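Here come two complexes built around subunit A, the first alongside subunit B, the second alongside subunit C.
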Partner chain A sequence: MSENSQTSAQSTNANNNSNPTSDTVSSSVPFTLKRWNLVGIWSWDVAHDVCAICRTALSESCLRCQAASNLQECIIVWGTCNHSFHNCCMSQWVKQRAQCPLCQTDWVINRIGQ
Partner chain B sequence: MSTPSRLRLMRDFKQLQKDPPAGIAAVPSDDNILIWHAFILGPSDTPFEDGTFRLLLEFTESYPNKPPSVRFTSKMFHPNVYADGGICLDILQNRWSPTYDVSAILTSIQSLLDEPNVSSPANSEAATLYQTNRREYEKRVKMTVEQSWNAEPTLASNLRAS
Partner chain C sequence: MCTNAVDTYFRSPEYDNALLQASSNQSQKKIESVKNDNEVSDVQLNMGIPSCQIYFNLQKTLKEHLEYIVQDGSYVSGEDFLRFYCKAWIKYQFISRIVDSLLNFINKNWIFRQRAAGVKNIYDINTMALKIWQDMFFKQANHSLTRTCLTLIKDERDGKQIDSSLIREAVQSYASIGFNEADIDSRNSRTTLSLSSSLAIYKDYFEKEFLQETQQYYEFESKNFLENNSFNTYIKKVTQRFQEEENRVQRCLHPTTLQTLKPILEQVLIKNQLDGIYEEAMRLLKDEKIEDLHILFGLVNRIEKGNEPIQKALEKQIYDIGIDMINCKNATKAKDPKTYIETIIEVYMRFFKIVKEAFDCEPGYITALDTACSKFINDNAVVRDAQKSTKSSELLARYCDLILRKGNKIEQNDIDEKINQIMIVFNYLQDKDVFQKFYGRLLAKRLVEQLSASDDYEESLISKLKATCGFEYASKLQRMFQDIRLSTSLLKEYEADCKDHHSIKIFDFSVMVLTSNSWPFTVPSTFNLPIELKSTLNDFEVFYLKKFNGRQLKCLLQYSKGELQTLYTKPKYILQVSTYQMTVLLLFNEFKNMTFQKMLDTTQIDPESFTQILVSLLKSKVLTSAGINADTLNENLNESGITMNSIIEVNQNFHSNKIKINIIKPIGSAAPNPIDSKPIYASVIEDRKIVIQAAVVRIMKTRQQLKHALLVQEVIEQLSSRFKPEIPMIKQCIDLLLEKEYLERDSNERDVFRYLA
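Let's look at the complex of A and B:
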């Protein structure tokens, strides 16, 4: 989702740049760039907000911890592909197959933390 | 008792109610959220058009790390559906991902109807007719469409009206 919105924002941007420039068009370009930055940041957050395995916000405990009323820290794991999941959810899935469930590349842990 | 699998299935149900895919309906059993009954409406402009096909989904406490077992309980005539209703579909076997939910499973099965994979047939008669005698294939499919209405007359007319 984030990639789509960035791509479309970039292509809008590119179109503006390739337009035959009049003074009004070139003066509007800085506005386009600012908007592109804002949209990019917003959609990145949304795309990474929810654990795609348990469908729960990464800021909350995973369903396994919720079911067990485990109030200890439920931490987050990032792969080298940059996808993130609850560490609890991912450690269950890698027993089935050591691939990222979103991009199907081999799962390699980049970091674990909050 | 709530377990991670049952909590996830409750989320799947909420998602289905919030954003129901076209031509798909599914509900868990009253007494067991691991057993779901579902209906798929045959896609329009295909021989399956207007069929109301019934399915049974059986989940385990390993969901979503393992896929549910899914089978048609309506009579089907399709290259990738076994005589017992079992479905030969890669995402329900070796290409399963724990990010799929009930909605994604049923949407994939719905698109399989008109895009059979004849390289791994579960019903060799259907696969052969599909490749060599499309008119006879479509006739056999339309017979199952009519049988599906007889099994679910009210639901069939409701789904077609919507």
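Let's look at the complex of A and C:
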């Protein structure tokens, strides 16, 4: 990074630190941030861990996909009731009954995981 | 018969003589026509001379001719007679063939009709000629001929030079003149008239005696030879003898003799001396004399089950040496993954060489090698010392980590070889599931910390594991790889997105997003991130959650790291720090100095971790506190004199020889942070219970009803490719399934289980 961008980094820093302790900062700060490598981990945003239809964890593929050794990701579907299931499982289920297996309200898809 | 030879013959003066001899009352004119056009002449000749006349005249002429020959032969004996016989035979055979083809029309017409009418004693021309030879010459000569041939063979065995073509010709005559009535009939019924002879004469008059002679000769020789020579020389001699004999059969005898000769030689030369040969084998095995073993193998391999004792000995030897090699390394060194695995590979390679070069990779020897290796790899001093039968799996996984990690100082070509060696040891592992656990964890660390030497090698090993243990075994490992790749493109998208929104980039930011169930990581407790990090994280989170529906993102801050530059020093240093360290250090951008307590309160890092972080910063002398000696500092703060009220500040005199300083590593030990094996073993046991239960259910579902012992046996069998389940654990799992009412006990027989659908 050039000298220029460094000073801009410091100034942004100072702008951000609009809290009352900023007056204690010495004329030049001792450290400047050069790089950050973040490691994050994602999981489905679900209230239950287990799919009520196939009884496997929602973080895993559904039972059918596991049996078929399907490398494709097995996605999750949320209803308006905020209950969630494997999309594979639910699409089988609604063929018989268009209701949420957990709360028996009519099944309306709220969102589908990606 | 070769028609070209016949054609040439037709154009030679010899042809005229033979023709004259065969049919003396034919006119010269008709012979001319034969010369010009064979087919037309057939008809003409057939019409001109009665076939029977030609046939009987020919028979008479041949008989007279042979009488002279027999007469001539009576003046010589021994080898000279054999030579005479062979010469006469070649000539006679030639003539008879020529006449046969010349008078083919008689074969096809008159003789064919005669035989079809059932007239005996009339044969096709060639057979007739051979029969005359058999009656007039062979019957009286065969005894002397056979004796001479056998003497010649004995001379050759004794190392003398002989004219083996004599034997070949004589034997050929034996084989050719044999025929029987049935044989001729079947020949006539086909249109072909070529000679297919019966070997009865050869077998009766020659082969029988030859075999007897051979047996005697070698019985005598092996006894004599062993009195004066060692078994080692005997083995070489016998090998040579086998070659000679096989060669001789090919060169001068009939090929069918090989099949009858072989068992006799094997009995006399090998089976009768088997004890001695085995003794020699054990000696050679002990000294690992590959060349001699190969010779010996050539002999015993001829005998059914001849290899078994040697295979057993080999197995025991490999096992003993494997155990010894691990034992003789000192205790701490043996537990080192590198020493341990390389010792195993050394033993394997040493004996694989023997199996390959001495025993031609014969399956029995491969089995011996496999059995011995899996025995000593899964149970040896190191394994017992660790009191875990799965220790080898752990050590192999750690060895893989050493090989695949950056800075392994191994040549590229060698890595390929090492990966192959790893797979060899892997195949012998009893507890492949333990290996998978350790390997997965170490791989995760390598990928997240970007310490992997090369993606290609990682993938090569994973694909090999997949090939050996199936899709499921390697799927989690593969998904880790996929995550890393996806992260790269994700970061690019994010950067493009930032540009579109004209966000100011104040530092380099990179990100990896992992799939939660593929990685063996747990999310740590959160704390107050510095404002710079927090805003960047928020930006990214917004971007990510917009892109992916229904996900939640958490930070693995223990694996997130970064770089800080020191502005107060000359030169400016780059510090490579963990996010925790970064958080602590960035506090000093706000405050000149702080108490321990205040730092803890501000960051909200849990006290235990915080202590470690602070100690690492003090030890690396980036921070300092009055009255504290950084060199003697340890994590026990009371001893080191740090209290909650200690004032901590930036070390203004910080100094280092390098510009870039990594203070993530614990100062003083260069070792990569080890992974703890205890929780891994615990999780292995939990996983196994599930796998065993699944196996029990699978088996019971197909069998419906099964005895306890058989069920246990089948479970062990089914799981053997992954691990060796312990019987108490299987029992425990069966009990669990009884409880869950997957199974029930038979009310009459208590040890029989029934599957409940």
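Just so it is clear, the second predicted complex is superposed on the first by the 66 of 114 C-alpha atoms of A that agree within 3 Å, B and C clash if a C-alpha of one lies under 4 Å from a C-alpha of the other, contacts with A are read in each partner's own complex, and residues count from 1 in each chain.
Just so it is clear, a contact is a pair of C-beta atoms (placed from the backbone, for glycine too) under 8 Å apart; a residue touches a chain by one contact, two chains touch by 3 or more.
Everything numeric here is computed off the predicted structure, so don't read it as measured data.
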First (subunit B), second (subunit C), both or neither touched by A:R55: first
More subunit A residues in contact - subunit B or subunit C: C
Partner chain in contact with A:G113 - subunit B first, subunit C second, else both or neither: second
First (subunit B), second (subunit C), both or neither touched by A:A67: first
Partner chain in contact with A:W78 - subunit B first, subunit C second, else both or neither: second
Touched partner set for A:Q96, first subunit B, second subunit C, both or neither: first
Contacts on subunit A seen with subunit B and repeated with subunit C across the two complexes: none
For the subunit B and subunit A complex, residues of the former touching the latter: 2-4, 6-8, 11-12, 15, 64-66, 96-99, 101
Partner subunit C, residues of subunit A touching it in the complex: 1, 5, 8-9, 12-13, 16-17, 21-22, 24-26, 28-46, 57, 59-60, 69, 71, 76, 78, 84, 111-114
Residues of subunit C touching subunit A in the complex: 448, 471-472, 475, 478, 504, 506-517, 519, 521, 523, 530-533, 535-537, 540, 544, 547-557, 559-568, 574-575, 579, 582, 585-586, 588-592, 650
Residue ranges of subunit A touching subunit B (in the complex, touch as defined): 52-56, 62-64, 66-67, 89, 92-93, 95-96, 101-102, 104
